């Protein structure tokens, strides 16, 4: 599971403080992310879990300021001694790809179809590490080998469409790792892949993370992905972090009814046949019309009047935090 | 790849054949008689009849077409009425001038439109973008001959920088050649750049929304590299296709430009043939130009396949 | 009292809606429409206007600057510029409107039939269009004029026929995208004959993008006719035409550039106006953009 922890560094590698992202839409301003604060220490893995529309992707883009042009970002993002939210464009560009790397969801669209994958790896190496061409080629071959691509010297000259989905994502990971980043953000890295390939890719990420002592953020809608692969998990709903805990505590003693419902919705291999899936009833909220109370209240089985009237603050002790007026009691909450 | 070429060739040949047929039929539109037109009004009926027999004009239409087509395929396009020189020879002698003009014009148009399109797409909706788009739209309403007159007025009459007419062959003096080609090429380029720029701009705007551009930014690449390498290459396919299709308009524009600037190219040959009613040259030039146009479009299609690896590999 | 108040409110509402409609089109659109209106009016009433004759030559007043007798001066043969501009406009606009009309009627019909009935008809039509489009248009127009003879009527026919392929393409594309829509299927399900579907359902919808394209074609025709006349191979002299006037003005560029620039300005404004109006309507009537 996580990297071996020595004495915890005084300052976390990444500290997101009160970050909000607003997008103008024809129906009004859409608050994709509302006042999120998170921390991540060097070498640790954080999982961010949520349904689509929960704001997890927007949050990850906000970290590196890769938001759409009309988006408004507020708050601070402290990374490696800089506030990325206010950093000038040139300094930010030098950080990206070098100290802070991304792996996106669909490798078919995140790789340029008319450039060879060799070109796409080498350009990053030459830009940030200043390698000359032959050194860059050698390093690229080495990287492709590390991510498990056979005959890397031949495959350098090929185009993305000549690779399978899983192979393409390995290439994307190779690109991300090429300059030894301190933080890797993987946004749904396996969602677009076959189930059989998913585990391989996740294992690859975990292995590389351990080897390099890299911090990693793993974003997914699938709680099954974060179990056993992350040190802590943050659950997002309607643009907010609603629960946060070290992974094993989250699964065994979650406090949020939403988290409980998410875990319950994971299909079990050993359940009897025709067991109905425990879907969460209702629809995700309309983010152009933020509700007055807790955003989850319309779908929560424990909701009360108070839940509908005022939004619960994020409270909690130490590593575990949650935002709920009626948090589940530690004794009651058991993962079924 | 070979299957792709063969398939396209199979389509090309019937079109070329139809082009020859249409050219021949247009020629037969002439009211009255070709022999009569050649000899003039004073000709005696006997002389006209003799010439008709000589030229095979008394034969049925289909016979004349096949006879003519046979000659074409052997390179015999007939002879000019006025000068007696072989038509094909006259065309080939003037071809280099027209080709040089069209090439310079297309290069100039690309040199203008590519940077403008990239700059507009990178800041689409901004003031510069709106200005350039507006100017491009207005330019579309200025035809070639109008632009030629304006350029002549500004550069030759008012500023006296460049010659208004006249042509210096490339072999003689390459600098003088460029001087005499500059205004003509610029005139044609000014007609082409609005279309090229608009196409590239809208293609680039679409490309810039793609995920791989976000990825390129996430990799911390320089903006310049993202625009020119990551965004331009996928967008350039449409540009090349449009540039290729534009060659037809360039040919028409070249006729006007060669006339205005007195360049000894194929357009001038065509017009001269019309003014002097030299129908052999006229027919030969029309056929040559139309067939050339079809073949060039075919080559543009091939180029498209070469540039887009996906098209190429789909046929492997 | 009440009814008149309601009437005032009603009128105010209508005016507000009209204003919103105006604003939607943009000021450029209305300006362009205004120019088209006045030039068409002036050209149409050319004979009734108090203008000197466009063909009377006054050798003593050659290339004269604007004066009381000649509001826009005279050309190299002493003919009144304003009169030639208006009369030339009449000829240029007549050709410009009639020629695309040929294309609209024939090309539109061919395109609709090809797009609706598909099959062999479509293959033949598309093949024919492709062959016609294999010729650079100006070259073809020049060649045919040379053979047929240079008259305004021939000019109109030739340009009209050359515009058929473009109209065929637009009509076919519009028909292809409309024929898949539900209202066609519904009509067929209710037992309507093909002819009825064509006339009552398809035609009214296809006519809109065709009309927009017609205006763009008018702009192109003015340019093509202008180019031919510029070369002396379009409208036969001494009849005035804008293109011809520009061509004639070329030799006076040193001494009296206005002789070339005035017709150029008129042509530019007219072509621009048709382009603006046509383009605006094209964007509005594109069947691919219309909501189901």
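Here the chain labels run A, B and C in written order, and each chain numbers its own residues starting at 1.
As a convention for this text, a contact is a pair of C-beta atoms (placed from the backbone, for glycine too) under 8 Å apart; a residue touches a chain by one contact, two chains touch by 3 or more.
Because the structure is a prediction, the values reported are computed rather than measured.
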item: Higher-contact pair (C-beta pairs counted), A-B versus B-C; value: B-C
item: Chain centroid nearest the full-protein CA centroid; value: B
item: Greatest separation from subunit A - chain, by CA centre; value: C
item: Separation of mean Cα positions, subunit B and subunit A [Å, integer]; value: 54
item: Chain centre separation (subunit B, subunit C; CA means) in Å; value: 25
item: Contact footprint of subunit B on subunit A as seen in their complex; value: 64, 66, 93-98, 101-102, 104, 106, 109-115, 123-124, 127-128, 159, 161-162, 172, 175
item: Touching residues on subunit B, where the partner in the complex is subunit C; value: 15, 18-19, 22, 26-27, 29-31, 137-138, 140-146, 149-150, 152-153, 157, 248-249, 251-253, 255-256, 259-260, 270-271, 273-274, 277, 279, 282, 285-286, 289-290, 293-294
item: Residue ranges of subunit C in contact with subunit B within the complex; value: 127, 130-132, 134-140, 142-149, 219, 223, 226-227, 230-231, 233, 243, 246-247, 249-250, 253-254, 257, 260, 264, 267-268, 271-272, 275, 279
item: Contact set on subunit B toward subunit A in their complex; value: 210-212, 214-223, 225, 229-230, 233-234, 308-310, 313
